Every structure is written in structure tokens, then in C-alpha cells.
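Look at the two complexes coming up: chain A is in both, with chain B in one and chain C in the other.
Up next is the complex of A and B:
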């Protein structure tokens, strides 16, 4: 069995977000780039599946759509334990564009992992689009996954509870927190080995983005917090009713 | 032409989020000067369906096939795509919840449509079609132009609200072409949380952080939530410790919520947490540390001990409710 894990290259989650002067582009100066947190959990789960006794997983490939500067993030995924990386050399214009690029080779895999969203543009789109383009099954909000023969047993969150499902391969699993306990941290040996693992660069196919970010804006600054004494806590509830009018 | 909205049901019933979606779709439809059409799949009574007409939906399509209750995103996407084609929809609206998020990308590919998820409120303009959405988990917003003829949107809950606009509506049987092979998933077990307000549907959310100190200290927080009809949530360390389930984690890697009122008890307010809650209309923070960053995001705050404050809040809520 072959597993593909989609890897997003995103700013570190503690990054202070800045834009250029006319608010039309993200200012990447001084930004630390990381593997999208959900993709890192997906890769961790893929590794666990490969290492399980009697596993049929032969290979784990990681892939992204991005320019050469995103290779550090792919190398980190190789250091965690992926066998090979693929980078499509293009700017990730929008989700439909990215999914179109990935669809060229993702069909060779039995199981594809995608994170439920990217922590930068919060799109929730690439995984589902790719599954539809490939014509394969997809399950979203996956918080647990085990392979049992040609079936995959999946735990997913639903609004108001959770479910255990059986679904057949090939499958695209869109994963969220819970899929793996903690993301794996690359060990020194992994970092050394990652340098010699294959990283294939593909040229993009022609595709048109269907959406485009025109401008950015920062949230409105909040008015100062109104402080109430610990002993007057009851008063705060009355303020919520009479002043804020939310009770 | 139309604006189509997919309305999910919970055991045959709609929730506030359903009516918010209906309000939103009919408002976009009005600005495009086309009818607002709703699609409901699975068994829902006609009396429930016709409630959508209160929010401006003039045509309600329904298919009672119980196979749709399995929440199979592939099957539902196929049915919604057919409804979009039959009604000539130029804009399709879904909820930004677990099901909507799963359907929307598949639907967008079927309709060759652009997708913007977690849209905040009405389009900024319809010509060109520009919507506003949260980016970087609440740290910024973007104005996004949709370049395709058909647009698919998922709406952030509580970003538009309810807008009553009673119209006369027809309820019609809708018969999408479906085969058995369209239903892909086999449900082995369902665990429903009963007697709890859905986080995505909650007007008020009561949340606890590490400052709650232990799982057993949640009783007064839950009591307050029950009195207010509120949902409960927590910060990341709390779900990582296993004090509360992952489904309650709000923040950058958990859920993003925007209730009218958010209570943060013992939450310091790391940037990742604030991202998940900063769109809340009013934030109340209770924390021992006067320098906790949560107070910068909060509208009202108490520097103090949650164990002392919670009983006072409960008492005051009982007073105003009686």
C-alpha cells in the first residue's frame, strides 16, 4: 500500500501577521515556516500505520505545491520519516489550482491524507476537491483511522457527536486533531537521512484559479477591557444584561 | 437562476444555524434578484420545512430518502449538484460545520465553481463577486474575489444572524438520480452527545482553561452553561490533558467559534486561542494573572479566582432568570 500525505507550508502559529503597505500581499519577512499542524499529525499517523506489526504500507510520499523556498518544510517531513517528497514548482494560487496540480499523481496512492484546513488561509478545500477530481472516497473531520484489509475504519466527528465508519480504499482522509496524539519531532538520524532522500520537482500543468485574494485587513482593535472586582462578580452578569445586552 | 442553500437536519429538526443559512441565502438572492431555493435531504416533516419560508425561502426541495441521514458527503454533494443544476443556481450556500465543510469542496469541483469557506457575512459586492473571510485563524480578514460563474460559499455561524422575511413557499419533492453505489460509507457506531448545545449553534459559550486546575472542577462551569443554555468549550492544554474531549477545543488547531457571548475561565489567552474566539461579540475573562493576554481581547474582565467568581455568576444568573 502507498500513502500520500499533503503538506502545507504555513507561518509558525505564533507569527504576528503583517501585510504590505497597500494590504494586497502577506509580508513574509522574518516569518518561520512550519508544516501545517494538521498535516504534521497526518504524517505522524501515516508513520504509525507503516510501523505497525504486519503493516502493508510500503511507502509514504509527501507532496506540496510551492516554490523552492518551501523545500525546508518538505525536508522536515522527510526527516520525520516520509520516504520521498514531490514538489510542484508553482505558487499555490487557490485551492482548485493546488488540487488540480496534485491530481496528476495522487491517483497512484491507496490512501491520501489531507489536513482539515491550512492555518494560513483556513480554506478547508484542497482535500475534498482532490478526492472529487480523482473520483475516490473521502471522509472529513477524521480523528482516528485504522486499516483492516481493503477497508478503512475511521472515527469522525459529526455535529453533535462522533461516528465510527467503514469505508473502502482508495480513500482520501481529511484529518483533524486526535488522528495522532502528538506530532513527531524529527530525530538527528532522521535529519541526516532526509538529506539524501529523493525530492522530485514537477512543473505545473495549466490551470486557472477560481478565487483571488484582493485585499487584507486586520481585525478592529478592541476597546479597553472593563475590569470588575472579584467580590463584585455578580455585577458583571447584570452588565451583560443591561449594558452589553447579550443575556 | 437561483441561490441554493443546503439545509441539514438533526433527527428531522432544523437548528438556529439552519435559519441563519436560509436568511443569508435569501438576502444574497434578493441582491441578485433571483429566488432563494432550499434543499433538504433525509426525512423532515413538512411543518418543519415550511419554517424556512419565514426567512425568505420561496421554494423548498425535499427528498426523504433515509440513506441521506448517514451524512455521506459524496452522496449529498451529488444530490446538491443536481439541485443546483436544475434550479440554475449561480451561488450555493452551505453551513461551515463538519458536514458543510466536507460537501463544499466536492460540490465546487462538480459545478466547476470557486469555493470560499468560512465567509463572514454578506458579500462585499456582487459585481465583481467579493466576499470577506477570516484568515490566519482570526488574526486577519481577506476580501476574496470569486472568478467563476457559479460560486460555492460556506457561512461562518453567527456571522450573519437571523433575518425574518415571510414569503409564500412551495414544498416540492426532489428526486435526484442516485444509485446504491453513491452511498459509500457504512456506519458502525454513532455516539450522540445528548442534552448539550452544539458549539457551532451556541449563542453563548462557557469555556475553561488550565486555570480550572483539574477535570473535577468543571461542575460549576457546566452548571453556569446549563443555566444560560450555553455550549461548553476549552483551551488546548485542557483537551491535551484529557480533562475535556477534543471536540470542545477552541483555538487555532481546534474549532473557531463566534458566539454572542464567550466566557473564558482560567484561560491565559495565547495567540492561538484568541484566533479561535476573537470574532465573539462580547468576551468575558476571569483570570488570576492581571497581565494575561486574554484581557486585551476581553470586553469585561475580573482579575481573580475562578473558584470564587463562578458561584457568584451562577447566583446572579439565577436572579435574572427568575
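Up next is the complex of A and C:
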């Protein structure tokens, strides 16, 4: 069995977000890039499946659409344990564009993992689009996944409970938190071996993005919070009625 | 002429992708795992068995050892980055890592013969065995030439008698690198270094030292009574021991310097975070110049310490003399650790004096970095001697 894990290259989650002067692009100056946290969990689950006793998983390939500077992120995925990386050499213009690029080779895999969203643009779209383009099964919001012969047993979080599905391969699983406990820390040996693992660079196919960014806005700064003591109910009512004027 | 005075500057500060990966791996492990039980282990003086196992499987116990001897094959710059990250959270764990890496594994890899490397270096690099370095004695600390432990030449073995003090990993470790005197009349040129299995008959340990800091690492005195060590376990020629010890300590200093750096930067990060959340007199602490200037001074010192550590590591990685650079790094980083951790406690006020806020522990641990693997005063001797060359 061959597994493909889609790897988003996203700013470190502690990054202070800034935009360019006309607010049409993210200012990537000085940003440290990481593997999208959901994708990192997906990779961890893929590794667990490969390492399980009697596993039929032969290879794990990671892929992204991005320029050369995203190779650090792919090499970290190789250091964690993926066998091969593929980079489509293009700017990830939008979800449809990215899915189109990935669709060229994603069909060769039995199981494709996509994170439920990326921690940068929260697009929530590449996985679903790619499954449609490939014409294969897809399940979203997957928080548990096991392989049983030719079936994949999938757990999903649903409102107020959970659901277990049996799905046949090939499958694209859009995974969320819970798919693996914690992302793996790459071992020294893995970091060393990442140097020698293949990282294939593909030229993009012709495709047009379906969306264009008009503008970005920062969220309004939160107003200062005021704490009212538990024995100050009168004060609270006064503030809500006369100052905030919501009563 | 002195390397300090010739002032050949190195100017490439960019880390490689691999170095960044190692730094992140160490940071992730420290911030995710070590932080969970560091206070409890400090309080109970409990050895971090499961952390050392985990760090071994990640490859941190022999990270600079050649992969042909099961090591990680990483450079010293990577080692400095990893040591800083681990030490920000837990200097007890990082001293275990440091002794194994930069004293024991380094010494064996550089000066051991092939047989010794196969037998001892491999399990040490994998972290299956832990090493200890036995130099200090009850009456020979900084004055390492006056070794009283005897290793008498008995033909095909050495007969060892004496006592070693303040030995990190004495209990948890099973491979000892022992410095002992064979030819007292030759003074330091009569000293040998022997690889000793801890389970050799005649070795006994003193009680666990109840230390001020680094309490989760094990420190004991080690007594040798008629201990037979095969000749094959001597590293290098007869009388090589003192030179071995000095060479290995030159490398080891980079490890402890980076530990001190981590204590300082860890305390600074906590002080900055606290100054951003705590208010006094209606303003955040960092809005008071008395506090913000302290933070600025900390930042400059930490940056200097980091640069000195990385420069010493770079020199070592590039085959250039690094003894003075590592002495400067150790002296400056250790003194910085003491100053910065003390100020971090001050910024935290009363909270800084209780265990929950971590900085008091960092302050207790910082003190040791000015003492072990060459006191700050010894480092100044090394530096000043170089000036007179």
C-alpha cells in the first residue's frame, strides 16, 4: 500500500501576522515556517500505520505545492520518516490550483491524507477538491483511522458523539485532531537520513486559480476586559445598562 | 601569538536546515516533555530515567559521534543549539546529556582505539549505556595535576586505589573514564586514563549528594579498592591521561557553556513573559523602565553568551584551535547564567521565590555552571595565559 500525505508549509503558529502596504498579501519577512499542524498529525498516523505489526504499507510520500524555500518543511517530513517528497514548483495560488497540481500524481496512491485545514488561510478545501478530481472516496473530519484488509475503518467526530465508518480504498481522508496523539519529534538518525532521501521537483501543469485575494483585514483589537467582583452585582447591572447600554 | 589578539573574525551566522531541525527537536522535547515533571524531579532528586531513554532513541546521547559508531553524526553547532533548548527547561537532564556527549563519547571517539570504540563507544552513542568522567578528587578539583588515585602497573592490568568526588552519572552510568596516577614521580606526565566497567569488583559508591541544584542528576563519590583494570582499557600511550583530560575538558566546556546559556535564555524568556502579564502601579511591568532595562541587559548578555558558544563550536567543527574560545564561552555564559537567573527571580518578586515559577530552580542550577568542568577562575587562567603567548 502506498500512502500520500499532503504537507502545507505554514507560518509558525506564534508568528505575528502582518500584511503588505495595500493589504493584498501576507508579509512573509522573518517568518519561520513549519508543517501545517494537522498535516503533521496525519504524517504521524501514516508512520504508525507503516510501523504496525503486519503492516501492508510500503511507502509514505509527502507532497506540497510551493517554491524552493518550502523544501525545509518537506525535509522535516522526511526526517520524521516519510520515504520520499514531491514538490510542485509553483506558488499555491488557491485551493483549486493546488488540488489540480496534486491530482496529477495523487491517483497513484491507495490512501491520501489531507489535514482538515491549514493553519494559515483555513481554506478547508484542498482535500475535498482533490478527491473529486480523482473520483475516489473521501471522508472528512476523521479523528481515527485503521486499515483492516481492503477496508479502512474511520472514526469521525459528529455533533454530540462519534461515528464509525467502513470505507473501501482508494480513500482520501481529511483528518483532524485526534488522528494521532502528538506530532513526532524527528530523531537525529532521521534528520541525517533526510539528506539522502529523494525530493522530486515537478513543473506545474497549466491551471488557473478560481479565486483572487482582494484584501486582508486584521481582526479588531479586543476591548479591554473589566473584572467585576462576585459580590458586585449592582455594579455589573449599572455598567451593562448605563455604560455598555445593552440592557 | 595569542589567538585573541590576532582577532580573526568569523561572520556567517546562518544556521543550516539540519541545525534548525535539531534545535526544534530539542525545543519540542523540552517544552512538551521535560516541563511536565521537572519541578517534581527536582524536589525529589529523582533521576530522569524515562527522559534519558526517550532522548537516547531520538539520538541526543551520542549526537556528535560518527554514524559508523551508532552516533548522530551532527556537528558541535547543532550540539550547542540542542543543549541550550534542553537547559532552558531542565539542566539536570542536560548535564547528563553533556557528560555523555562531550566528555565520554568525544574522548573515546577522538582517542580510543578501534576495539574500545566497538565495545564502549557504540552502546554509549546509542544511549544504552551512560558514561561518567572521573577526574575530581577530595583534594584535587581545579588542581587536577595532584591526582592521588593510583593505577599501579601490574603487567597486564592496572591495580586502582583511591577516591573520586562529585561524579555526575556515577550511579546511572556504567562506563567510567577514570583519570589516575601511575607514575607519581613523573607528576602530570605519569597520569593515565582508563575505561572502567562500573561492575568491576572493588568499586563502591558514596551516598547520593544532596545538591543545591541539578538535583535530578545523580552525583556520588566513587571509591576504588584494589580494582583490576585490564591494560587494554587504557586510552592512548602510557602517561597520556592528563593531556587527555585537558583536551576533553576543552570540548566539554562548550557543552557546559551552552547549558549555562540555556539557563540564562530560559530565565529571560520567563521574565519577559511575566513582565508582559503582570501589572504593578497600574502598568505592565515591562512599561516600568526599571524592569525593561533589566530585560534589555539580559538580552544583550544572552546574545553575547550565545555568540561565544556558537563561535567555539564553529572553531571546533572547522578543525581550528578552540580552547580559548571555549574557555571564554564557559566563563561568560556561566557568569551570565548567574546574573540573568538572579534578575529573573527579582522581576518575578515573591513568585520568583517559589518553585511553581521555575526561575528559582534555574538560579540554583546556574551556580553550578560557574563551578564544574573548570571554575570561572580556571577559565580566566586559560584566557589570560593565551594573552601572554
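The rule is short, and it goes like this: the second predicted complex is superposed on the first by the 229 of 247 C-alpha atoms of A that agree within 3 Å, B and C clash if a C-alpha of one lies under 4 Å from a C-alpha of the other, contacts with A are read in each partner's own complex, and residues count from 1 in each chain.
The definition used in the following text is that contacts are C-beta pairs under 8 Å (C-beta built on N, C-alpha and C of every residue); 3 or more make two chains touch, one makes a residue touch a chain.
Computed from a prediction, not measured in an experiment: that's the story for all the values here.
Of the two partner chains placed around the shared chain by superposition, neither chain B nor chain C is touched by A:52. In the superposition on chain A, A:233 makes contact with chain B only, while chain C stays out of contact range. Legend: residue contacts after superposition of the two complexes on their common chain; A:164 is shown touching chain B, with no touch to chain C.
More chain A residues lie in contact with B than with the other chain of the pair chain B and chain C. In the superposed model, A:139 lies in contact with chain B only, and not with chain C. In the superposed model, A:185 lies in contact with chain C only, and not with chain B.
In the superposition on chain A, contact of A:75 is made with chain C only, not with chain B.
Residue contacts after overlaying the shared chain place A:205 against neither chain B nor chain C. Contacts of A:95 after superposition on the shared chain: chain B is touched, whereas chain C is not. Those residues of chain B that touch chain A in the shared complex are 8, 10, 71, 73-74, 77, 96-99, 101-106, 108-110, 112-118, 130, 133-148, 154, 184-193, 196, 198, 200-201, 204, 228, 239, 246-247, 249, 252-254, 256, 260-261, 271-272, 278, 281-282, 284-286, 295-305, 308-309, 312-313, 315-317, 319-320.
Of all residues in chain A, only 71-72, 75-76, 79, 182, 185-189, 191-192, 194-195 touch chain C in the complex they form.
By the touch criterion given at the top, residues 11, 13-15, 17, 19, 37-38, 94-96, 99, 116, 119-129, 131-133, 137-141, 143, 153, 156-168, 174, 177-178, 208-219, 222-223, 225-230, 233-241, 244, 246-247 of chain A touch chain B in their complex. Of all residues in chain C, those touching chain A in their complex are 17-18, 20-22, 24-25, 28-29, 32, 57-60, 63, 67, 72-74.
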